[in-house]
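Okay, so chain A shows up in both of these, paired with chain B first and chain C after.
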Partner chain A sequence: MLRYIGKKIGIFVIFMGLLSMFVFILARLAPGDPLLSFYGEGVERMSTEEHLAARQRLGLDETLPVQYIRWVDNAVHGDFGISYKYKQPASVILMALLGNTLLLGTVAYVSVFVLAVLLAVFCTLYEDTWVDRIICKMGTIVYYLPPFWLGLLLILLFSVNLHWLPSGGAYDTGRSNDLLNRLQHMILPLMVMVTSHLWYYTYMIRNKLLDEVRRDYVLLAKAKGMSGYSIVWHHCLRNVAPSITSIMAISITHILSGTYVVEAVFAYPGIGALSIESAKYHDYNLLMLVVLITGALVILSSLLAQTINECLDPRMRSEGDSIWQKMKTL
Partner chain B sequence: MAENEDFVIVGAAYKKQVRPVSESSVWRRLWKRPLFSLLVLGILLLGCIMAESIMNHHPSDFYLANLNEPPNTEFYFGTDSLGRDIFSIIWYGGRVSLFIGFSGMAILTCIGVFYGCLSGMAPAFLDNMMMRTAEMLSSIPNLLLILLILSIAGKPTPISIAAVIGGTSWMSLARIVRSEVRQIRASEYILVAKSMGASFPRILYYHLLPNFLSAIMFVVVSSISSCIMLESTLSFLGLGLPVEVVSWGSMLSLSNKALLTNSWWVILIPGVFIVVTLLCITNIGHYLRGAVNRRSSNL
Partner chain C sequence: MDNILELNHLSVSFHTAQGEVEAVRNVSLTLKKGEVLALVGESGCGKSVLCKSVMKLLPPNAFVKNGSIVAAGEDITQFSEERMRCLRGTRFSMVFQDPMLSLNPTIPIGKQIMEMICLHRKVGRQTARQQALQLLYLVGLEEPEQRFSLQPHYFSGGMRQRCVLAIALAAQPQMLFADEPTTALDVTMQAQIIDLLRDIQKKLQLSIVFISHDLGVVARIANRVAIMYAGKIVEIGTAEDIFYDPRHPYTWGLLRALPSFVPRGGRLHNIPGMPPSLLHPPQGDAFAVRNAYAMKIDYEKMPPFYKISDTHSAATWLLDARAPYIRRPELLHGESRESIG
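And then the complex of A and B:
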């Protein structure tokens, strides 16, 4: 057991190391003076000596590997540099907004998968009837609506014309603890998140279920007199559960990047809107941190899903593949 | 039929044996079904190519007297907040959007196929490493990776946008190609080609590519859609093409202003063009993939 946990931690550390190296090199490739991101416009007023001294103090005269190690050392101690735009430590700004994104993301994630499983079961029970066909057609069309455009249309309809719901933000000013107010602001973003992701996952789960109901045990259960509903619900769904958790692990990346677009459309204060802002203002320190946090979130949840899968189906442990390789069979 | 003539079959229920029809080719399948999608896509493409002869206003003119005008007989699709005629620039902008879609697809396919083949043909250790690298890259949300690169790169042009989109979304294609190549690589003809001294590009082009082409067709075609979608998202966010370079996405970047004036046509019309294009492309892709044959259900 200890070895098992150690292995998972090892994977996480190696992954974060590689990711940070990649991001660090990419950020250092950026044109422009990295000093700018530490001192802001003050750089232009510096004399040559001051400039050199500042470079030395920040270690910018060292070689890239040394710089990287120094940066990692700082990062481990929680210092990710100063945000150029906000003139504050990048981690402080990020932490203030992370909660909002996690709230929106988690609620969207849960509702997408609850609805996807229900819809997939429904489609399986009514396979190839007109209901199933209409759902499939509608799903495909909805899936190809660009999420940001869908968001704009919803704002146009519900906020601008009908005045039912607010058009943006996470809460009205000064009412950040008002749950009802928060909920009101979350309805439209959530609608966009759910509609733009639902069909993709429903389709995958539906396909898995359609293969499953062609197995022999279904015929046996049918012969025993079980209803179609209870066969799918009690037997088939259980058998495809490992695939669903694998899909759920992969989906975290998609749903997170979905949050980013939605946040930008609805001006929802989260790390997605923040990362788009910082990309616009070339605020690399902040952007690097967002990428790292996102990467950590994604790898952690995929390790978690792997562990859950191995508990659900111990056969998987012997294979020792990553979740991603198991996705091949999907 | 020649070999059948030697036999004379007699009996009560004599039926001439008909050979099963061989699997129809990609082209025949294409010809068979998605005619409507092809027609609509053809009209869109033709309209974009011949934009100059369709449009009734100059795309770079600003009609300052007619800001935010709803659709009427003078401006068929209305005007936006800069006073541009939407009907004229939509055809003009379609060129850029479709160009990014197709060239993004080309870049993504080249990288994905090459990387996937290389990984599939490599020894297990290297293959594992290459796939883990791709896995790591695909764990960062695509959009975030693009944001990072775009903020570092200089002023975006249609070509650079296509390159960034193509360069960051090849991972899933590479994975499919790799698993296909893994299945093919054990076959004798690859061994023969190798022992005759064929180079990797030659094996890739003559032996691998024709064999997994049908498997990746759907992914390749639908990647046109995802490139168009990504471009419009980026331009809408203000990180893609600037407003001066007209594309369907950059037309939508004016939509925040349009929300304030409640001018629905500025938002609705470019979006409808995007969605119709995406749906047509996807429909064609579905037919290229062919139908999934399932046994009848046990339920």
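And then the complex of A and C:
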């Protein structure tokens, strides 16, 4: 067990290292002047010496490897540098907005999958009826509706014309702890995210279930006298659970990137908006932190999915181990 | 109430893209209480379809074209899915061919048995568990307590088939359909499962419809035997009738194809040709083209059933009074005669 956890942690550390190196280099390769976001317009009036001195103060005069090693050294000690634009520690800026994104993302994620599983079970039971066909085609239709356009349409309908819901933001000023108020602001972004992601996952889970329904054990369950509904719910769903968790793990990235677009449309203060902004302004430290947090979420979620799969279906684990051992003996 | 199952002129067809496939054609048979009836025939002759149509487990494109199904005195031909659900498991239940596929791989076997018990009887979890354990003892699974919460992939094929049998018996059915329960097992396991099935049948006074394509297996267990060909029953009688006094040429062919009926060093007999397509079944006797004794009328008209004795009848024109006398080919050789029955 200890070895198992050690292996997973090892994978996590290696991936985070590679990711940070990659982003660090890529950000600095992009054309543009990071000083512009720190000093604003003032940069254009600087002399060459002042310019050099400014670069030196921000530590941008060193070679890339030196800069990177210094960044890693600081990061390991919990110092992620300051944001050039906000002139505050990057972690402080991030923490203020991370909660908003996580709240929106989690609620969207959970509602997408709860609805997807329910719809998939429904479609499986009513396979090839017109309801099933419509639900399956929805994915294709919605694919051609860009989420930002859908968002604007919803704002037009519910905010501008009907005045039912706020058009943007995460909460009304001064009411950041009012959960009801937050939920009210989340409804429209949620609608966009759920409608743009739901159908695709429904379709995938439905197809997995239909494969399963054709298995022999379903016939035996039927011969026991179980109803179609309870066979799908108690037998088949359990057997496709590993596939669903894999899909769910992969989709964390998908839905997270979805929040970035939605945040931009609804002016929702989250790290999606922050990451776009920090890339635009060459805010290296902030960008690194945002990317690393996102990356950590993705890697952790896939490790989590793997662990869940192995618990649900012990066959996966033994197979995985034997391949691992075979590779070692080679 | 002696007959636990009565099929009257039952025909079952499938709608397919090519047309209507007549899988079961005009089958009438009865199953008495405590009797083992074997359905024997080649692959695709409609044995499984016949059983599944009684339990209404066929895919949605199948339909009962004609005839009726009477189970325990009740005509269930037109029963709705809801009403069938109550009968499945209690009135009849089924053991499937491949125990590797018919158990849910992720649910412990104990739970799969308890599920059946809880579904049909109002008992608590503890009682259900006790009953499930008793069933596992009954089907001869060793150390059932330790194995109760193991998933099927820890078990061998024979052990799994015992578990499937335990599930089938969990709600005390009146009749059991065993759809080639030994085909997927190795030979030593086959004999064990057959003996087990026979013991349980005697103990519980169960009626069994036993599907097989192996007459050797059938000889160990069946009281009565029905030979099926191309969706029809061609000969039906007691085990003695079929093994010692077969009348249909197809039955002769099947018996001669048994390895144990051939003397050492002798050539194994086979029936030439293939069964006909049931998409457009032939007008006359479906077996005619493969039948060395076929007459002109075999190609033109379906033979009726000729009664040989109270228990034995066969559908072949050879039994007609006008037919020429055919000497039956030598089927049973010396020592193998004793091994039957």
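The working rule: the second predicted complex is superposed on the first by the 284 of 330 C-alpha atoms of A that agree within 3 Å, B and C clash if a C-alpha of one lies under 4 Å from a C-alpha of the other, contacts with A are read in each partner's own complex, and residues count from 1 in each chain.
Just so we're on the same page, contacts are C-beta pairs under 8 Å (C-beta built on N, C-alpha and C of every residue); 3 or more make two chains touch, one makes a residue touch a chain.
The shown structure was predicted, so the numbers you read here are calculated from the model rather than taken from an experiment.
Peer 1: Overlaying on chain A: chain B and chain C, fit or clash?
Peer 2: On the superposed model, which is not a single observed complex, chain B and chain C fit side by side.
Peer 1: Given the touch rule stated above, what does A:K224 touch, chain B (first), chain C (second), both, or neither?
Peer 2: Touch status of A:K224: second partner only.
Peer 1: Quick one: classify A:S91 as touching chain B (first), chain C (second), both or neither.
Peer 2: Touch partners of A:S91: none, neither chain B nor chain C.
Peer 1: Regarding the shared-chain residue A:S278, is it in contact with chain B (first), chain C (second), both, or neither?
Peer 2: Only chain B; A:S278 stays clear of chain C.
Peer 1: Under the stated touch criterion, which partner chain does A:S83 make contact with: chain B (first), chain C (second), both, or neither?
Peer 2: A:S83: touches no partner chain.
Peer 1: After the superposition on A, what does A:R215 contact: first (chain B), second (chain C), both or neither?
Peer 2: both
Peer 1: With both complexes superposed on chain A, which partner does A:N100 reach: first (chain B), second (chain C), both or neither?
Peer 2: neither
Peer 1: Hey, is it chain B or chain C that touches more of chain A?
Peer 2: B
Peer 1: Examine A:H235 and indicate which partner it touches, taking first as chain B and second as chain C; both and neither are also allowed.
Peer 2: second
Peer 1: Enter the shortest inter-chain Cα distance between chain B and chain C once the structures share a common frame, rounded to whole Å.
Peer 2: Chain B and chain C, overlaid via chain A, are at closest 6 Å apart by C-alpha.
Peer 1: Both chain B and chain C touch chain A; at which residues?
Peer 2: Shared contact residues on chain A: 215-216, 219, 222.
Peer 1: Okay, in this complex, where on chain A does chain B touch?
Peer 2: Within the complex, chain A contacts chain B at residues 15, 18-19, 22-23, 26-27, 29-31, 124-125, 127, 140-141, 144-149, 152-153, 155-156, 160-161, 167, 210-211, 213-216, 218-219, 222, 228, 231-232, 253-254, 256-257, 260-261, 264, 275-276, 278-280, 282, 284, 287-288, 290-291, 294-295, 298-299, 302, 322, 324-325, 327-328.
Peer 1: Flag every residue of chain C that touches chain A in the complex, lowest number first.
Peer 2: For chain C paired with chain A, touching residues are 55, 57, 85-90, 93-94, 96, 98, 101-107, 115-116, 119-120, 151, 153, 164, 167-168, 170-171.
Peer 1: Show me the residue ranges of chain A that touch chain C in the complex, using the header's touch definition.
Peer 2: Checking each residue of chain A against chain C gives 215-217, 219-227, 234-235, 238-239, 312-315.
Peer 1: For the complex, which residues does chain B have touching chain A?
Peer 2: So the residues of chain B touching chain A come out as 131-132, 135-136, 138-145, 147-152, 154, 175, 179, 225, 229, 232-233, 236-239, 252, 255, 259, 262, 264, 267-268, 271, 274-275, 278-279, 282, 294-295, 297-299.
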